[in-house]
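Just dropping this structure here.
Note that the chains take the letters A, B, C and D in the order they are written out, and that residue 1 is the start of every chain.
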Amino acid sequence: MHIAVVVKQVPDLVEELEVDAAGTGLDRAWVKMKLNEFDDHALEQAVLLKEAGGAQVSVVALDGEGIDQVLYAAVARGADRALKVDAGTQEPLDSRRAATALAGAIRDLGPDLVLTGVQAADDLFGQMAPFLAAELGWPHVSVVSQVEVAGAAVRVQQEYAGGRMATLEVDLPAVIGVQAAPQPPRYVPVSRLRQAMASGALETATAGAGAGTGGAAVTQLAKPEAGRGAEMLTGSPDQVAEKIEALLRERGLLRG
Amino acid sequence: MPSDRILVIGGGPAGLEAARAAAEIGTPVTILEERDRLGGAPDSASYSTVTLDDRPAGEILEQARRAVESHDLIETRLQTRLTAFAGEVGDFRATVAGPDGATATVECGSVIVATGFQHFDPGRETQAYGYYEYEDVITLVDAERMFSQGKFVRPSTGEPPRQVCFIQCVGSRDRRIGNEYCSKVCCGISSKQAIEVRELVPDCRVFIFYIDMRMYGFWENKIYWVAQEQHKVNYVRGIVTEIIKKGDQLVVKGEDTTMGRPMEVPMDVVVLAVGMEPSPGTRAVASLLGVAQEKHGFIEPAGGAFDTVSTSVPGIFVAGAAAGPKDLDDTISMAGAAAMKAVAAVRRLALTH
Amino acid sequence: MSKVEPGRVREDEHLIVEGMDISGHWNRMFEQRVLWSHDTGPLEKLTAITGAESLAYCYQCGKCTSACPVDSVGSYSPRKIFRKVQTGTDLLTNPDLWLCTTCANCLRVCPKEVNMISIMPALREVAVTEANVPPELQKAFENTFQHGNPLGEPARKRADWVAEAGAPATILPRERRPVDVLFYVECYWSYHPRGRDAARAFARVMEKLGVDWGILGPEEKCSCDSQRLAGERGLFEMLAEQNIRTLAKYEFSRMVTSDPHAYNALRNEYPKLGAEYPIQHYTQFLAPLMGQLPWKRRLDYKVTFHDPCYLGRHNGEYDAPREMIRQIPGLQFTEMFRCKANGYCCGGGGGGMWLDSFTGNHVTERLSERRVREAVETGAEMLVVCCPYEVSRFEDAVKSTGNEGRLLVRDVIELVDEALR
Amino acid sequence: MGNVLVYVENSETGVAPIAFELLGAARRLAAGLGGEVEALVAAGATAELAPALGAADVILRMEHPALSPYLPEAHVAALTEAIRSRDPQVVLVGNTSAGIDVAAGAAAATQRPLVAYCTGLAVDGEAVVAHSQVYGGKLVATTRTEGPGVFTVVAGAFPGAEGQSGGKAAEATLAAPATLGSLHTRFIAATAPSGGIDIGRADRLVSVGRGIGGPENLELAQELAAALGAELGASRPVVDSGWLPKARQVGKSGMTVKPKLYVAVGISGAPEHLEGMREAELILAVNSDANAPIFEVAHFGSTCDLFDLLPALTERLQAS
């Protein structure tokens, strides 16, 4: 079993996001990037599969600032190989272009299963997993919270609204968009990360040809309009608590 | 007729050393030994090693025996026991019975009693530990015998044990049994044996259940700490109440006093750290000689802290475990002191006559 | 309350109910009873770990139990830990691994040199490597790794406190020049609101003294000593290397820091990485200069003082902060009964700073709460501290122990500043 | 002149509510584009589903056993077939679990651009202008799509009422593509939400998010919930971290709730969460980040540290 995990970085939403001068993109000067949390779960799921039944795990990402560390961290987590795909730009690609750029390298890698995060905070033009599946011509399931190997197929749990779940079986090779691994992504101790970095075991590949269909044109990126929203209760915690109590009393929402 | 001969009763470590020391400074010595060979308890109980310096017991005893047997001034009477005793310092007459039953009289100026101890018999007073009931409950002596054969196995199966414990203070510090004293060496011997078990059977877990670990002097850091820190012997404060059988395992029941909770821990082998008691020889000889005994039957030194070897009868001295629980170092030191005083006693008389 | 039927009571080391681990509460109600066949493997496994060997040395004398601050609010102490390990507790997966604050009180009294200051970090390092870290602590590690500080604040905001100091502080990356004193601000004085108060007071005092000083600003990163003690040695080494490289870029004749943990790292740990600095805790730097300060008013406060573990026990400095307190005009000083070498612990060291909720489930009260009660007992109206962890810890504890209005918590530098206004 | 094709999500329980929201949005877009609204209902059997879709001008019925229960691969093929044969200018798909599978797959297969997370759609000349929530709702992107495109629409962004009204639509049958006979995906089983708690029925909810820090702090929220007589809910990260069971999850992949009172504690308010709770009658949010998107939907908010506020509030409620 060979699993490829496709990862990318997204802006850390803990930071304040600023829009660039053109008003159509992020001001990347101040953006702090971090591994997309769903990709983090996809990686965890891959490592769990490896631990459960033995598998080779390759982690794949497009080249970009800081991606080496992300790949090394994946190796420290249990990935066997790390592949950095050069798309000829350091700028982040939208998911569809990224899928096109990655498809060739993934085909060359020849995995049985591709896992990637179900979505990312910057997926304005759709999600990577279905695009990648289309590029590869493989079946695809997203919003998956558990993956198990079942012979030449995988069984996955797909989640729907209201907590309903379905178990689907997908013939390999396939692409799965992971919503959550069965357990939270494990901590990567820095010493292990440093070991991985010292090993310098990153492989590189060049992106496949074809730019793919890009997204629509972004004409504006902006913070949501202020003005609507909550009335803020201010004061010390005690004062706020008092206000909330009064509010609940007024609305008849106090218990009993 | 005053005699300058010294009678040493008992051919164990104390007797051998007392005889050798007295002879060394030109005093004729007669050793009486009940058994058919010299060596005493370490020999009869097949000790494997001598505690603290860890040398093979056999080797050390052999050395002591040779020193005695090769000495012109030492006469050794094996399979011989004292049957009557009379006289006073400088002029004692000891009646002895030899192997063929024939009696003889040994004239001597002073006497050193080195009749030693016996190991407490754990079946004697209480069966709580099931020594005669369970094959896998053994004593330090039984264990020592196995070590001298280079092995440590579960007696019931002959297989190496996985879990072994030592229970301290068996037959010591016990008003019920009548032995109120501490036997002094068992903590150290158990620790030494625990190390040996770990070395012979590295997978085996070893526990020592104790009331308090009594490791005198260097025994602390040379045995106890080594056993605990390097050999990972588990010391557990809290003594075992009883041993019961569960399936094919022994379960030791007691309290983990440090955590205040009861324990019931299964064991493959339980080693009882049996203490020392006065040997039957000590009791018999003491009464023949008329020397005072303390309440448990050990011969009571009469001289206090600065004279540990004189007894209540002038000219009769005591050395080694006949006077109470001793380790080998103390026994040998005491034998030297007794020899010196015994020689002084006969020489003082020689000068006055 | 209905009676519990004995037949329905069961014992569990770990109990998860609806996804919640309630082991802490559970264990407070039930001690495990009969000690049955147990695994002695953990003792052998743990003491084979480099740095943790001395755990095997404990001979259960119990001296540590009365010295251990955690034991006074729970069932802890190295002796008990040893015995638990001996009876099969694998510390690597047990909450006890995280309760030790590495305060060094036990080592102070241990006749056998069972060294928890070495044991705990060594074992935690293995637990961290096995990815077994309490979530709160993991967050602090991740923040430190991502942002260079455990609070998860952006690096670029590290020197924002300077703006409202009302006194200059040279931010060396912006204004590159040699300085006499390089002040290593550390994270809590850089970011925590109460820490920033102290940092600003410090800047004003430095101005009054006319000291030529500068800070690393956004280039400074956490010294990571507490993360090291909490088991993230790799993180410590990585940030230490970065800090050492940064420090090499600037000229200064000595270093001063706000934080006893940073002081400990720079004094004792960085030299092991080949970097030695003339480092002082700010109390050590300021105590001899107190005579030069133009006092403006008397502070008629009854105060007591809490020794930081990493200034006192770990590094032997008990006098400098007391000397400062002595020289501030008007203060009436009373010692708490536990002070100096046997001083209590605020609970923040050794990673405790980031384990408050976790720890809270395994102790009857927080160490900071216990200490606040002791401070109140002296009749003091103010608890003076000189460690950046402590102001917020003790202020929280003042609230949670219902002593609001009875006891104030101030960094000693804030008092100096106040007496100069 | 362009048509709007709505992909009608459905299950054994009927047409999914999102479909009506899409139909409503489609009506307005079709008006702007001067085209018609077509609704694709693809299922094993469509006869019972079609009557609900009267808001459309044309109902495209595609039937094949592989289409029920829902299989991503089959529905991608179905939507792809519909786009190819009807060539609409705008394709609307719900930004739901199924939508993620279907929209991108069909967009890729038909080489059409895709715009996701839409909360607003308008026609400007020939083009479609969309507002999308990106970066966890922290920013809104405006896009302009000149030619044909696929749009996934966030649930709750458009009212469902418009899509439920409407007259009699024409019906047409679309042949299922041949590929449905040789799928690589199989349906094995479905499970209902795990029993026990049903937060969907609770009229008061206290929901916790990542801001709670760790499972050890849940006690604070539980105590508040007890004082309010509320159930405990959670955001996705809390559930993914294993701190609370899945059954308590509010949001897109959890439950949609409409309680009388919703207290959001330490929840930043990702769109996926807001989707599940914005209909609550009274929303109170506690989050130390004043810019958290949760305050956009909350009625009242506080930036107090939840570790201070919760105990204070609990105490007060217990006393009253």
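Operating definition for what follows: contacts are C-beta pairs under 8 Å (C-beta built on N, C-alpha and C of every residue); 3 or more make two chains touch, one makes a residue touch a chain.
Just so we're clear, the structure is a prediction, and the values are computed from it rather than from any experiment.
Between A-C and A-D, more C-beta contact pairs join the chains of A-D.
The chain with its Cα centroid farthest from the Cα centroid of subunit B is D.
The mean-CA centres of subunit A and subunit C are about 36 angstrom from one another, to the nearest whole unit.
Centre-to-centre, using mean CA coordinates, subunit A is 19 Å away from subunit D. Chain centres here are Cα averages; for subunit C and subunit D they lie 46 Å apart. As a whole-number value, the distance joining the C-alpha centres of subunit B and subunit D reads 87 Å.
Touching two or more other chains at once are residues 241-242 of subunit D.
Under the stated contact rule, the graph of chain-to-chain touches falls outside the line, ring, star and complete shapes.
Contact between chains, per the stated criterion, is found for A-C, A-D, B-C, C-D.
Residues 213-218, 241-245 of subunit D are the ones that touch subunit C when the two sit in their complex. On the subunit C side of its complex with subunit D, the touching residues are 18-21, 24, 134-136, 139, 357-358, 360-361. Partner subunit B is touched in their complex by these residues of subunit C: 31-38, 40, 43-44, 47, 53, 56-57, 59-60, 62, 79-80, 83-84, 86-87, 112. Across the interface of their complex, subunit C is touched by residues 205, 213, 224-225, 228-229, 232, 234-237, 256, 258-259, 261-266 of subunit B. Interface residues of subunit A, counted against subunit D in their complex, comprise 11, 13, 16-17, 19, 26, 37, 41, 96, 99, 118-119, 121-127, 129-131, 133-135, 138-143, 153, 155, 158-171, 174, 177, 179-181, 183-184, 213-224, 228-234, 236-238, 240-242, 244-245, 247-249, 251, 253-256.
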